[in-house]
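Both of the next two complexes hold chain A, though its partner changes from chain B to chain C.
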Partner chain A sequence: MVALILILTTSLFFPGLIVRVKSIASGRKGPGILQPIKNIYVLLRKGIVYSTLSGTVSRFAPVIVFGSVAVASLMIPVAGFEPLISFNGDFILFAYLLALARFMMIIASFDTGSSFEGMGASREALYGMLIEPALFILLAGLVVFTGEYSLTGIFNLPGGENYNLIYGLIISYILGNITIIENSRVPLDDPKTHLELTMIHEVMVLDTSGFNLALIQFSSFIKFAVFGSLIASALIPRDLSLAWRLISFVTVQMVFAATIGFLESFRTRFKMNRNQQFILTVTMISVLMFVIILFTKNIF
Partner chain B sequence: MLILLYILFGISLVYIASTEKFRHYIQIYAMQGILLFGMALIELKDFYFLNLLLILAETIIFKSVIVPYLLRKIMQRTGIYSVHKRSLKGNYTVLLMMVILGISLLLAKVLSIPSVNKIYTVIAWFTLFTGLLLVSVRKYLFGHLVGFLIIENAVFLFSMAIGSRFPMLVNTGILLDIFIAVLVMSMFLTKIGHKMGGFEADTLSQLKD
Partner chain C sequence: MSVVKNELMSYLLIILCVTSFLILLPSRNASRIVAGITVFAIAAFSSWLAIDTLITAFSGSEPSTRSVEGLIPSLFVIDPLSAFFILIINFTMISGYIYSLDYLKEYIIRKPPVWVKIHYLALVWLQVSMVILPMLRNGFWFLTAWELMTLSSFILVIFDFDEKGTLKAGLSYLVQMHVGMLFLLLAFALSSAGQDTVSFDNLGNWFRDNRNWPMFLLFFIGFGLKAGFFVLHTWLPDAHPAAPSHVSGIMSGVMIKLGIYGILRVTTYLQGDFAVIGAAVIIISAITGVYGVMMAILQHDIKKLLAYHSIENIGIIGLGIGLGIFGTAIGNNIVAAAGYAGALLHTLNHSLFKSLLFYSAGSVISQVHTRNIEKTGGIMKFMPLTAWAFLIGAIAISGIPPFNGFISEFLIYTSMFHGLGNNEFYSVVLIFISIFSLVLIGGLALLCFTKVFSVVFLGQPRSEYKPAPVEAGKMMIIAKLLPVIPVVLIGLLPFLFVKPVLSIAQSAFVPATDTGSAIIMKPMYYIGIASAGLIALIIVAILLRKLMLRKRVITTGPTWGCGYSAVDQRQQYTATSFVQEYASLTNPVIKTGYSKIHYGDDEIFPGPRDFHTHSDDFIRSRIINKPADFMVRILKKGAVFQTGKLQHYVLYVLLFMVLIFILTYLKII
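Coming up: the complex of A and B.
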């Protein structure tokens, strides 16, 4: 239960922290840390407008997207705290719940009948297809490395002499890039842009409004917290004291959010045709990590 | 620590194969020199002055300082800063790198010798094929230059894999070969390339006695 509370709390502050860092980096006063959550609160009170062309899929897709991501978040161990759901092979369910959320977003955007949204959906499908192997290969490598088959076991990092910061840092690098791709952030996509031709995620929700938009935006916040928690779990050893684990968790999340904020401030967005190369490079690094693990475990 | 160096070296190969900017080539090549120095230092068993000096000269001074400086000069003189438009696209190159990694694993398995450190062999094969890939998919000579230098890095890694059975003198000889190849191509790029009407590898075939 503590794990879930920590993830939900993180999801409330994470996007605000990114926005805050971006505004500080660009010399603006900018909105407060809680502004994204306030926006969601406003959206929750607004009514929903459906396009006359849209069918039933658009009506239930946002709920399934939110539900999938919320259930996926129940499987995440946080800094030594057990998740609510944990069983052997749960990482496969975790990956497919995220894939289900993406699938629902894609068919919902097709359902609106908008050519722009269809274009965004096709890009989202391609990038999703390219990044999924990276996540699976990373998790497979960790299964080999730890000999465990659940997310709790995989991310249960030993402390003391067995602590391995190097693996933690490389896992964090790969997971950080997967987060950027999953959430369509810079350099892949820019959530601030409003030119439909270059948009990915944002163009898919052009016809979504009110309560439904709030659900989709909050799902994205939870995804940040979920991947941030996995990164924290890959870096924080389980045998630290409770206070130190909590302090380390908050620090890792803040550093992760600040890093994304700084990257978005100083990095330009890639051209569309460079995105595939970026995603494939992340997958390749994941493969390299897998190969090195095979060697260190004397399997190869 | 050695694991981190292996992984960083592997990542640097992936980036050098996929990047399209020549200044990135230079930066990554300079970084590889430092990584190789770190690997050699950790693996060094006969810790005597001359051996250390040779490794320092080959990795840090040659690979990280002199060659990057020369490459930067060549880049500035030719005024070409990115790969040719007709070169293989970066995403296909990354896909080819995955195939190359698979082949490297296979070769290391098939040609394994008990006394040889297998992980070095894999990285060395991977580096060698990355160099060959750069030579074969890049149109401009600058890419070929970097490709040859990467192949030399592979030779260095092979020498580390077999340790004492591969004398430093042989390694230095190969380094000299590569250096001459790079020198010839540099001369072509900086001295006669303009007259020949381009810096593409194909124009080399027009050279006559």
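Coming up: the complex of A and C.
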């Protein structure tokens, strides 16, 4: 339960932090840290405009997107606290629930009959397909490394004799990239772009409004918090005292958000046809990680 | 052990022969009704045998095989593995028959009535042959039933024989099946040489005395041709589009699974070489799965696309079997049991969602009269129930929770990840390959099914429908509802279904251990909880939305067009454009051909243009077409003798006699 509360709290501040860092970096005054969540509050209370072409899919898809991401977040260990659901192979359910969310996003965007949304959906489907192996290979490597089969067990690795900052950093690097790709941020896609032709996530929700848009945006906030928590679990040693664990958890999340903010301020986005290479590179890094683990376990 | 009386089986055969004639009676309705009664009767009888076997096998100390005394003593033997396949076959046969009632309606008017009757006759005999196949151990009778299955399904496939390409697809199927038959014949003959009877049961002795993998390979090729493993799959993408939709559903759902049954049956007798065989099966299956779905994504013909997905799913089942064999090799019961159980459950699951998808696709095709998905669109507004059925099937086949496809893939993943615990380089690399391929298959299947569902059912029609499509008939809806129920139930309450499947797998392949079963079963309860949580959250969110929107206005407006308001319905995103980036990525492996005519310099007002994309199965063009063309070229050279003139033939006879005379004179013959 503590894990869930921590994830939800993080998801409230995370996007605001990114926005804050971006405005500081670009020398603007910028909105407050709570602005994204205030936007969601406003959206929740608005009416909805559906496209005339859309049918039932547009009406139920946002709800399922939210539901699946929320259930996926129940399986994440946070700062040493046990998640609500934990069992052998829970990461498979986690990854496939995110896939369910992606499935729903794609068909919802096609429901409007818009070519722009089709374009975004096409990219989302392809990038999602390409990044999934990276996550699984990383987890497979960690299964070999720890001999555990659940997220809680696997991310128990910093703790006792298994603690290794180098591994933690590599895992964080891979997970960070996966977060960027899952949420379509710079350098894959610029959420602040104004041209529909080059969007990925933003273009898919062009015809989603009000309560539905709020749900989808909040799901993406949760995704940030979820991956941030995994990164924190990979970096923080488990044998710290409760206070230190919480402090380091918050620090890791803030650094993660700040990193994304700085990346978005100082980095340009890729050309669209370079994205596949970028994603495959991340996959290859996680294959390398797997090979390194084989070496350390003397399996080679 | 309760034994079915001798007479019962023989009565059954007599009744079957009588009903076969009744189907051929002149009355149009009679054939349908008699066929229906027969299908239900066979299903009821064999399912009763199967369920009875399962109950006795798992209730106590009873031995887990039983024989049905038939014309020849202990010809029909049922063990839990056969019982499982019999149940699957009957379920899909019933839904297929119900579907055919509506589907064949338009043909009854168009076609000569005798074709419809022969179609139903073939349907009944297909069921008979499929149901008795898992019960037969005797090689001779097994191959007879196998041949009966091939012939009756061939007749079902060529139902639309007056359409272009149907007969060719049917013949290609028939020829390839007989190549497979040849391998099976060879395998049976070799393994039973010197024995009194030709039977599966001789395999135990054979495998004990000889190397295991060559014989397994023979069986694998024979059965793999039916199942559609990589390189042997080329008949599938031709035969399924040619066949009527219920036949595609039955063939893809259950008939190709008998190939899987055959492989599993042979596997039960294996004595050694587990590591080699397991590794080979895993690698072949990984290639099968990835290749199947990679090809599927590029298809525009919805039934061809589904056929390629059958190949993909055979790959997933094969991964399970391979992991099972490999688990035995490394002596890990959890890996073995989870692998086999995953394979069995995926066999069941695939029969459910694939028949569901074929039925839904068939309903759409019978309304819009095209299989090309680029010409459809917006069907959900005309046929909401069919669309929902297809959506459920699409989510299930992509292996996404909360439906059944996820459960079987989860079992296979369980097997893989437990296999990683065996810290040997060889096994870790093998498992790595299998994990990578299964993840890739999942992602690609999602890409593929979001494409089909979106393009066919969502948005606007891409061409005008004449007449406007209407919702499928009652029987079609019932036929789709039948598989939908278990698809949802297995997904939501996996522990109820995984337990018996696991017991079947353990009884056939691995000794059951309490700890092993508990480790495999425990996640199922959690998945059930998570699915319940998902549904609860969805309901809560919907209620919350209702509450928040009580006093708000819900309006509709035109789709955002970025300032361009004259959007034509043909400018919607198409299936080709959806997968264009993917196609450019896979171009080194699968060539996508574009055919278009460029604008000339002198064309000031260009006329309409055609643009086509097509992707060829390079396996078919290399392995089937090229050798066949080569043969034809050589044989054509021999055709100079075939002049068609009587005088020449008389001359040949004369020359032949002279030749014989000379050879005899020289004492050569």
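Annotations for the structure displayed:
Convention: the second predicted complex is superposed on the first by the 295 of 300 C-alpha atoms of A that agree within 3 Å, B and C clash if a C-alpha of one lies under 4 Å from a C-alpha of the other, contacts with A are read in each partner's own complex, and residues count from 1 in each chain.
Rule of thumb we're sticking to: a contact is a pair of C-beta atoms (placed from the backbone, for glycine too) under 8 Å apart; a residue touches a chain by one contact, two chains touch by 3 or more.
A quick note: this is a predicted structure, and the numbers were derived from the prediction, not measured.
Touched residues of chain A, counted separately for chain B and chain C, are more numerous for C. In the overlay built on the shared chain, the residue A:300 is in contact with chain B and with chain C. By the document's definition of touching, of the two partners only chain B reaches A:284; chain C does not. Within the superposed three-chain model, A:244 lies out of touch with both chain B and chain C [touch as defined at top]. In the superposition on chain A, no contact is made by A:262 with either chain B or chain C. Of the two partner chains placed around the shared chain by superposition, chain C is the only one that A:45 touches, whereas chain B remains out of contact. Once the two complexes are laid over each other on the shared chain, residue contacts for A:166 go to chain B alone; chain C is not touched.
Of the two partner chains, both chain B and chain C are touched by A:276.
In the three-chain superposition model, chain A touches both chain B and chain C at residues 273, 276, 300.
In the complex of the two chains, the chain A residues touching chain B come out as 166-167, 170, 273-274, 276-277, 280-281, 283-285, 287-289, 291-292, 295-296, 300.
Against chain C, in their complex, chain A makes its touches with residues 44-57, 60, 63-64, 66-68, 70-71, 74-75, 85-90, 92-93, 96-97, 99-100, 102-103, 106-107, 110-119, 121-123, 125-126, 128-130, 132-133, 136-137, 140, 143-144, 147, 149, 196, 206-207, 210-212, 215, 273, 276, 290, 294, 297, 299-300.
Across the complex, chain B meets chain A through its residues 1, 3-4, 6-7, 10-11, 14-15, 18, 89-91, 94-95, 97-98, 101, 105, 109, 118-119, 122.
Taken together, the chain C residues at the contact with chain A in this complex read 377-378, 380-381, 384, 391, 395, 398-401, 406, 409-410, 413-414, 417-418, 420-421, 423-425, 428, 431-432, 435-436, 439-440, 442-444, 446-447, 449-451, 453-455, 458-460, 519, 522-523, 526-527, 529-530, 533-535, 537-538, 541-542, 545, 548-549, 552-562, 567, 569, 571-573, 577-582, 585.
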